[in-house]
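Residue numbering begins at 1 within each chain, and the chains themselves are lettered A, B and C in the order written.
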C-alpha cells in the first residue's frame, strides 16, 4: 500500500523478527532483509512480504516481485529466486498476524476525534475549502478535507483523513470512513462507506477477524443510493469507477472493483473481490458471487445469481446466470414440461390443499 | 405540480423561448403563449407543457389538456387541436431540459440550512407546535413544520419545508426530505424518505440524470420499518396510503403509489412507477417490477417477482408471479419430473462431486 | 419478563379487573388473585397471565405454570387445575390489550431524553465509565451505561437505559434502543437495533399494532454489519449469541434467537421467532421463514429459502431449502430435461423474440 492514509504503519522489521512471529525457519543470510510492508501477491515489491495459499494463484506466485513470501512447505519451491520463502502451516493466518504487526490499530477504524471539544462538529484539524458548506449536526473528523462547492448535509459523519472533492453532496445521515471521494459525487442519505469488510477465518472455537486495511475509492460523477453499503478493502482498495450510478440498499463487499458508467439497481449484492467492467448493468435484487469477473457492457437481468465469470457485451440471466437466450429457452421448456405433466395427469386431487403454499409472512 | 413546496419554480416562459431551448420549430402565432410549468401528459393543463414518446400513451396524448407537447415529428399529427406540438428528436431528453429551466435547483435537494448558526439543531424559521418534542442531536430544517404530540428522536434530520403531522414518532437517525407526513405516523430508525429517484438517460458516454421534482406523501397511521428507503417522485408524487404498514429494509422507488392498509414485509423491492391497491399483502424479499399494477386485496407470496399486472383479490406466487394454484401445481410437477428422472437413471455417479454446489459465501 | 428495563410496568391488577377489561366471565373465588405481569405460555408463573390460541401449543397449555390464561371457550377445559381460565372470543387480541394495561407506554419506544438541555449529547443521568469515549455528535440517553474502553462514534444514538459493555465500537450513525450489549462487540455504521418488531393483527378495517415489549440481547464478541436491522422481541427477547458475525444489510425479526459463532452473510432475512443454533452459516440473500428452527452447524447456501426446520450439521440449499445433495441432483435433472426438450423440438422459432426476457430495470 503506497499511500497509507487511514492506518499508521509500523516497521520496517527485520525478516528474522518476522520469522519468529510466524514460527518459520529462515535460510541463512536473509535475516537482515528489511521488510517495510505486507502486500498482495501480485502487487508486492522487494521490500514487502506477501503470502500464497490457493492453487488458483500459482501463476501469480511464480511471477511475484515480493521480497518474501509465506507459503506452505510443499509450495516453497514454487517461490521465485528473487523471493525468500517462509514455510508455515497456515499462510493466511500468519499473514493476518503480520498485518496486525504492521498496522497495530487495524482492528478498529481510525476515530473521527481523539478528543471531544464542546460545541462544534468540525475537528480543528479538518480542512474545509472556502465555498464548502457543513450543515449543523454534521461531524467532520480530524484531518478530513472537504472541497469547494461540496455540501455535507445534517447528520452526516466524515471520518478522520477522509477526502471529499468538489461539488459533491453528502447525506443527510451518511457516513464515510477510510474513503477518498472525487468531484461531483452524490452520496444519498444513510449511505455507509468504508467500514470493515466481512472477513473471518473460521475455526472450531470461533471466528478470527481478518484485518481490513484497504480503502474505498469513489471516482468522479458517481451517484450512490440511500442506505447502500460499500465496505473497504482488505489489502487492496474497493473502487467505484467514474460515472457509475448505484441505486438504494445495494451491498458492495470488500475489494470489489466496479468500472466506469455502470448501473447497479436496488438491492443488488456484490460479494467480496468481484470485478465488474465498464458500462455493466445489473438488475434489481441480483447477486454476484465473490471473485467473479463481469466483462464490459454485460447486462445482467434482475434476480439473477452470477456464479461464474461473464464475458463482455452479452445479456445474461437466471440462477446461475447464463446467456439470456439459453436461459429463456430453458425456462420456457420447463414451463411446457410442467404443464404437459399436469394436463396428462388429469385432476390433481387435493393439490391446492396439500401443496406447499407459502403465505406472505 | 400545483403545490410546489420543495423546489422554487422559475418562469413563466414564452413558448418561443422554450422552442429555442429544445431546437423545435414553432407554428406561427403561438410564440407568445405563456407556459407556467412542465407536467405529465395526463395531468397537464393549458398553461403547461408536456411530452410524449411512448406508444403505450398514445391515448393519453389524444386526450391531453396540455397547452403544448414535445413529440417526435412522426407523432405531431396525434396532438389534439387544443395543444401545440413541438417536434423534437428526443422528447424525453428535451423535457428533462425544460424541467431544469423551470426548476433550476432540481439537481440537488433543498438544503436543510442555508446558514449554520452554532448551538442549535432547529432552524429559526421552523415551526414546532407546542407539545412537539425535538431531542438533542436532531436537526430541523428551515420552514419545516412539526405537529403537536410528535417526537423527533435524536439524530434524525427533517429537511427544509418538510411537514410532519401530529402524534408521530420519527427516528432515531431517520431522514426526511421533500416529504409531507400525516398524523400518527411511525417512522422507525434509519428510514430514508424523499431522496432522488434512480432515473438516468443512458448514453454511450455516460448517464444523464433525470431530474426528480416530485415529493413523498405519507398518509395517516402509516408505519415504516427501520432502514427502509422511499424515493421521491420524478414528476408525480410517491404516495403511501393511510394505515399501510411497511417492514424493515424495504425499497420503494420513485412515483410508486401504494394504497391504504397494505402490508409490505421486509426486504421487498418495489420498482419505480408501480401502483399497488388497498389491502395488498406482499411477502418478504419479493420484487415488483416498474410500471406494474397490483389490484386491491391481492396477496403476493414471499420471494415472488411480479412482472405483470395482478388482478384484485387473488393469491399469487412464483417467478414470474402467477395465480398461486397454478404456480404450486407447476412447482410440484417439476419436482416430480426431476425425481422420476433421477430415479430412472439409477446411481448418479459423482453427482455430488461434479455438481455446482454453492457454498455459503 | 423478570428484568424490566425499557418499559415501566403498571399493576399488579386484581383478576376481577382484568376479566372486566377483556369481557370474560370469572369463576367465583378467583376475583382477588393479584396478577403482576403478562407472559408467554411456556414462561408464565403463578402471578402472571398468559394466553393460548394455537393448537400447535396445546402441550404448552397443559403444562403452563401461569396463574391465569386467556383461552377460547372450547379450550377452557385444557387449562390445568393450577391455572384459572378466562374464556374470550379472541385470546390474542385480548392479551394484547392486557399488555397495553401492564405497559401503558409500550406503543412508543422509551425516549432518549425527556428534556433537551442545550450543548450536550450526553444525558446527565447516563453513566459513562472512565476510559469510554463518546464522540461529538453522538447522543447518549438517560440512564444509559457505557463500559470502559468502548467508543461511541459520531452520530450514533444510544437510547434510554441501554447498556453497552466494555471495549465495544458503536457506529458511526448507529442506533440502539431497548438493547443490552456485551463486551468486545462491534456495531458497524447505520445498524438499527431494538426498534419494534413488525407485528399486526390484520382486520378488515386496518391493522392493529401488536405491542413489542421485549429487548435485544447482544452477547460478547458479536460483530454486526453496516445497516443491518435487529428488531426487539414482542414478549421474549431477540438474542444474538456470543461470537456470531453478521454481515451488512441483514434483517433479523422480533423474537429471533441466534446461537453462538454463527456467520450470517449480507442481505439475509430472518423472519420473526426463528431459532438458529450454534455455528450455523447462512449464505447471502437467503431467507428464513418465521418460527423455523435450524440445527447447530447447519450450512445454508446463499439464495435459499428455509421454510421448514433443518436438522443439525447438514448442508442445505434451494427453494425450499433441502439437503444439498438432493437439491443439486434435482437442479441437474431439470436442466437436463429442459435441454433434451429444447433439442427435441429443433429450432425454437421466435423464441428469443417472444420470450419473456427481463431487462435490467
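Here is the rule we go by: a contact is a pair of C-beta atoms (placed from the backbone, for glycine too) under 8 Å apart; a residue touches a chain by one contact, two chains touch by 3 or more.
As the structure is a prediction and not an experimental result, all values here were calculated from the model.
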With a Cα-based fit, what is the angle in degrees between chain A and its identical partner chain C, given to the nearest 5?
120
Note whether the interface between chain A and chain B is symmetric in residue numbering, meaning over half of all numbers used appear on both sides, and answer same or different.
different
For chain A and chain B, what's the span in angstrom between their mean Cα positions?
30
Residues of chain C that touch two or more other chains: which are they?
119-120, 137, 155, 173, 190, 227, 249, 263, 265, 267, 271, 284-285, 289, 302-303, 334, 337, 356, 358, 361
So, in the complex, the side of chain A touching chain C is made of residues 108-109, 111-113, 116-121, 137-139, 141, 155-157, 159, 173-175, 177, 190, 192, 195-196, 198, 200, 202, 205-207, 209, 227, 229, 231, 249, 251, 253, 263, 265, 267, 269, 271, 281-285, 287, 289, 299-303, 305, 315, 317, 319, 324-325, 328-334, 336-337, 356, 358, 361
Quick check on the complex: what are the chain B residues that touch chain C?
119-120, 133-137, 151, 153-155, 169, 171-173, 186, 188-190, 221, 223, 225-227, 243, 245, 247-249, 260-261, 263, 265-267, 271-272, 284-285, 289-290, 302-303, 307, 320, 334-335, 337-339, 341-342, 348, 351-352, 355-361
